[in-house]
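All chains are identified by letter, namely A, B, C and D, in their written order; residue positions are counted from 1 within each chain.
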Amino acid sequence: MEKFGFSLSKARVINYDANDRGIVRYIIEREPSLKLCIECGCCTATCTTGNFTDFSLREIHILLKRGENEQVREKIRKCMLCGKCILVCPRGVNTRNVISVAKQAFRKTEGYEL
Amino acid sequence: MVWRDYQKEIADDHFFYVRSCIRQSFFPGSEQFFLHLMRDVLGKDVYENPSHTTCTGIGYHADVVPFSTIQTVIARHYALMKEAGYKNIAISCVTSFGIYTEILETWKHFPEELEKTREYLYKATGREFDVPENVVHTSDLVYKFRDQIAAAAKYPLINKQTGEPLRVVEHIGCHYAKIFPKYGVGGAEFPQVLSGMIESWGGQVIDYPERRHCCGFGFRQYLVQANRGYSLSNTVKKFSSMKAYKPDLVLTNCPGCTMFMDKWQYTIKEMEGTTFGDNGESIPVLTYEELAALVMGYNPWDIGLQIHMVQSEPLLRKMGIEFDPSDKFRTKDGRQMPIPKNLINS
Amino acid sequence: MNFDPFVIPFNIGLYFILIYAVVRCIIWFRELSRPDKLRLQRGFFGRAFGQSLKEIFLESLIHRKILKSNPRLGYMHMSLAFGWFLLIVFGTIEANIFSEKHLNHSYKAIFFRFFHPDHGKTFFENSYAFLMDLILAFILSGLLIAVIKRFSSRVVGMKKTTRLKPLDKIALTSLCLIFPSRLIAESLTCGAYGTGSFLTGSLGKALASFLPANELAYPFWWLYSLSLGTFFVLLPLTRYLHIPTELFLIFMRNSGIRTGDKPGTYSEVEVHSCSSCGMCIDVCQLGFTTGINTIQATYLMKGIRNSDELYDVAHNCLMCGRCDNICPVGIEISPIRMIVRRAEGKEYMYENTSKGYFRNRLTVPAPKQEAGTSYDFLPRLRQEKTDVLYFAGCMTHLTPSVKKAMVRILDASGLNWSFMDEHGGVCCGRPLMLAGNDREARELTNYNSQLIEKSGAQTLVTSCPICYKVFRESYYLDAEVLHHSQFIKSIIDEGFIDLNFLQKRVTYHSPCELGRRSGVYYEPREVIKHVATLEATAFDDENSLCCGGSLGNIMLSRDKRQKIAEDVCSKLTECSPDSLITACPLCKKTLSQATGTRVMDIAELAVEALADTPGLKMPRSRSKKKLLKEPATSLR
Amino acid sequence: MGRHVVVIGGGTAGMEAAGRLAREGVSVTLVEKGNELGGHLRDWYHLFPNRRSSDEVLEYLRGLVSHQNILLMKGRKVTGFSRKGDEFAVSVENGETINADAVLLATGFDLFRSERKEEYGYGIYDNVISSADLEAMFRKNELKLVNGNKPERIGFLHCVGSRDEKAGNIYCSKLCCVTAVKQAIEVRKVLPSCKVFCFYMDMRMGGALYEELYKEAQEKYSVSFIRGKVSEVAVNIQNRLVAKVEDTLVGRPLKMELDILVLMAGMEMSEDGIRLADEAKLKRGENRFFQPADHHFGTNMGNIKGVFYAGTCTAPLNITETISHARGAVMEIVNYLNQEK
């Protein structure tokens, strides 16, 4: 609580070991091609939603792999599932299924570990 | 080991002493004991010219003092040294040490700055100055004579209850060695200046992940209230990292680090109730002079430990030092000073 | 009246199945929605009744549709269904004519030979027996094919046959026992009495010569009755429930009831009318190209009936509609699969009770709606007024040649047009629908609808069949929706542009969403024939193959899509055409990565053929008349 | 014809060159300071890109050097050489001098001394090892922590001592990326339960089949790649390493505990190479490797006629390139000898 006119700022560090990666395991079981992502950003560049707001599929892939699930829960709803990213992905990641399975995982967890 | 490549040459005697601005008010015993230790105990010649000023450190880091002014102020101190006939300078505060070394390096790489400063100083004060031969920080000196102190030690850093060496976290001010590694004893990564003292006085140095992390002072973060949260968060990050190691004491060699690691423990306790010592206590933070004085058996209240935010009574009990809580806030001639309300650890 | 204990199992079975059928029909009728009930009543007593009877005769008995596409399989089904029907009809007549009383017990017709062993002496009786034997032989021939098919489906010209549940297997064996046991039973009885026609008689004489025919006959009559009884009792749990259910389905369909978006009686009836005949497996490219044999329509229906976990079955399907086309029972497979997708694959809203004989409706809590909109970041865009609005579609932005071609054609047409999503518009929503996220899709359709309304355009042209289908069916626009192939056809007919004839031999791949799904076959072919020589392939129009890139399938892996695409390309470029024409950016992207032949969109072909129209044309103002004569039929 | 060449350095390049020269009828003296031929090859376990055993290549090279034209001189260091007319006098440690018509320098490379990057704690914390140490562990088939337990998480730190001004080498050593991926796969093979992370700035997988190896590491062995150069390593209370890195692709700092940290040490010009070069006044480039006469068609020669270079003393090269570079040197030497004599 703020007693002296300033408050403790939250650490921005990703604490890899404290994070729970249940969701990305759930995704990789159903969509193993996520492992091939080299985070080149091709999907984000062609993204329909990306045209309007700062939605980055590449960033979502990484945040999921690091276990930063709560940040992804809101961001992921912006995807329109239009599938352009699949056509351009140089590594053949089925990005659309990653989003669809991720949404499913988030619906299942609603806040507790999977 | 690489840090051996960074052995710096520390002069033996005849020092021109420049004080720190804030240590006298926050940790009055430190500088007093240093002079006492050097002059009376070790019999060294430490000259202090009363008219030496601030090194403009806080102004410099708060970006309010132009660089050429700083060079002239520092040059004036060199001029005072020259007039007093001293070649070695002992600097009491690490931030000053950072400034003095930075200016020496600037003069080395940009000789024209040196000439300009000579001209400015002459115009302003009519004084002439030479570049000192040996620039040392006062903790270097205590490090150099740590064995004499160890020899005269009455209370080594041993936990009397358990018999094991005290676990001590040492924190070196960043401006001591991180900016110019060759000016620090042992280089930037693993400076030896404080850990040397701890080991020679019987303590055990703790290596924890955030060992080299900033103490949280950071001038601009602290001076501007909006940023103060960053300053506090850094200190909290450091303490939560060292908490697992259950340190008995934090040893520092810079006024900023000592003050903030001491005061922020009070603030975080008030704000969120978190403490970092065992069973709810906080960890005492001492300067190297205070610790040297304790080890040599001086009365804790004469050293001024009661002025700290975090009282060091748990440490004193561990070291087996007797102390009389009643005359904690009593003046030399017995008058009772007002007692601060919520002291920590007392 | 003569009675024999062996008829008891048959009677139990018969009465059970009749009562069950009536009860089930009542339950289903009661669960119909109000409008569907009215439609059914109107259909029952109106013109549809005759139509239904005709269809029952043609489809349920003769299996005309299967005969057309696979004669041997068709004959097998016909012989079993139609043959058994004839057997029952003529058996009842036989029982009524030749036995004394007219009001016989139901079993008399079936076991007539047992009760009148010496029947068949006079010429008329003999010829009637001959007819009965003929029917029995007809059934047995079909039965023989069915048994062989079980072991190697090649013999029936089928790539694969359906995997059966244990209950299905028991029912199949009892079905296979019925007619042979009848044959032997009748033959033995005839053998003992020297009656029977060419089949039962001759077999009977042969058996009687070395066997105590009369005594032996009796156990076979028992077997005959027992197999009939078990078959009827097990029928509701097996795929053979499709026999009665299909009749109900035909009546409902002819009275205009459709699957719609939600599970209900019609979808339940459809699920139970699936006979697991396996024809959908045969046409499914996932099956014969990539070896995925667990998702075909018959397994979807079976999964729904057993309330299995359906996520994979529902989502791992290309939604190309080939099985919709081929299903002899006319089940609307894709809408049912979409219902399962919307229900998140698990709760299908129906649950088996009383060991699967009946099902009751689950009250599944609606899935928790995520609060707030997902797409509130979409800006309020301004859309200038225009006559023709061109919506390229997301995928077209990745095939710039199509976009460029369309811009040139639209300019050349001289019409007043504007490019709605020139700088990347909002997705049309169908990919979200295909994945079962209808709520989010609704947000996008509303957003796009407002933009289209604001433009006041009479015609909306799109290059992507996926957008075309959703614009036509889920947008409820006043503007006329055209795929760019239709648009090009119309501006050719109206002389707005003129195209040269190119010396090119081409083949046409009809995109699923444009052809089978939206019924647009005519215009694309016409445009192509207008500018090049169009070679026929074995996979034209209704029978066209899916390119594999389908957004309908969210799970299919990259290498399997590539396998399908390569298979399709090799089939469509057998006659080594100069280029392979398609009308969908997604198909173009997918196919072009799987063949050396140049893959072109119709728009590109048209632009190549565009004669340079002389002088600057004044922008024509479009007549209010709709460009297209009659809207294409919709196969949702 | 009495033509005689001294080859200094008995590593891959030296052995290949000596063998080929001998087959060209040139008499060769191969001087190697160690008591074994093979150089660094003897320390490697399997070689990229197809992970064949390094012993196979060693056998091939040993086969080459067993030839009557070759005189092996092992355990002898070359103190220097000087030119007399068109001949060279190569002086060896024990005072002996060998006359030669040409000198081939195959002095190879030294691995960057990882302790010079002190903030990574090499030699200060347990379980911080270099890529060479890991290869040794693979050869001894003992992939375990200092306290004997099995590691559960291993981190590979790319660009240690390469592309790093503080380490004095701004050049890229080209091979550490592919080595890291190869070793990551080998770790996953030996310890399937152990997770592997690679901290990289850029994945430079330029050679033949390198990118396929990279994809295989991701697909079959689930190796994770994080873009960010680790700045500092510490040890936590459980004596596990804590690596601090910025996950640059998300723009946030990341802290991760590791059981073993493998430093992908870069390649530097060998000390002996430098000593010989300075002593014989051979020009060296800014990256301290021998300066080739011409970067395109003269990489085997330097600024002194008759002195030739082969292998990694000119630039970081993988074994395939080293061998072909050595063959180039042989061809140059034979031409030189034919013209001179």
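Heads up, the rule we're going with is that contacts are C-beta pairs under 8 Å (C-beta built on N, C-alpha and C of every residue); 3 or more make two chains touch, one makes a residue touch a chain.
Computed from a predicted structure; not experimentally measured.
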Innermost chain, where centres are averages of C-alpha coordinates: A
Relative to chain A, chain with the most remote C-alpha centre: B
Inter-chain centre distance, chain B versus chain D - centres from mean C-alpha coordinates, in Å: 47
Where chain B and chain C are represented by their mean Cα positions, the distance between them in whole Å: 85
Chain centre separation in whole Å, for chain C relative to chain A (CA means): 38
Interchain contacts, given as pairs of chains that touch: A-B, A-C, A-D, B-D
Chain C partner contacts - residues on chain A that touch it in the complex: 30-31, 33, 46, 48-49, 51-53, 77-78, 80-84, 87-88, 92, 94, 96-97, 100, 103-104, 107
For the chain C and chain A complex, residues of the former touching the latter: 344, 367-368, 370, 374-375, 377-379, 394-395, 397-398, 423-427, 429, 431-432, 435, 437, 440, 444, 549, 551, 554-559, 586, 589
Complex interface listing, chain D residues touching chain B: 115-116, 118-119, 123-124, 232, 234-237, 242
In the complex, chain B residues that touch chain A: 225-230, 232-233, 236-237, 267-268, 270-272
Complex interface listing, chain A residues touching chain D: 12-17, 32, 35-36, 38-39, 58-59, 62-63, 65-66, 68, 91
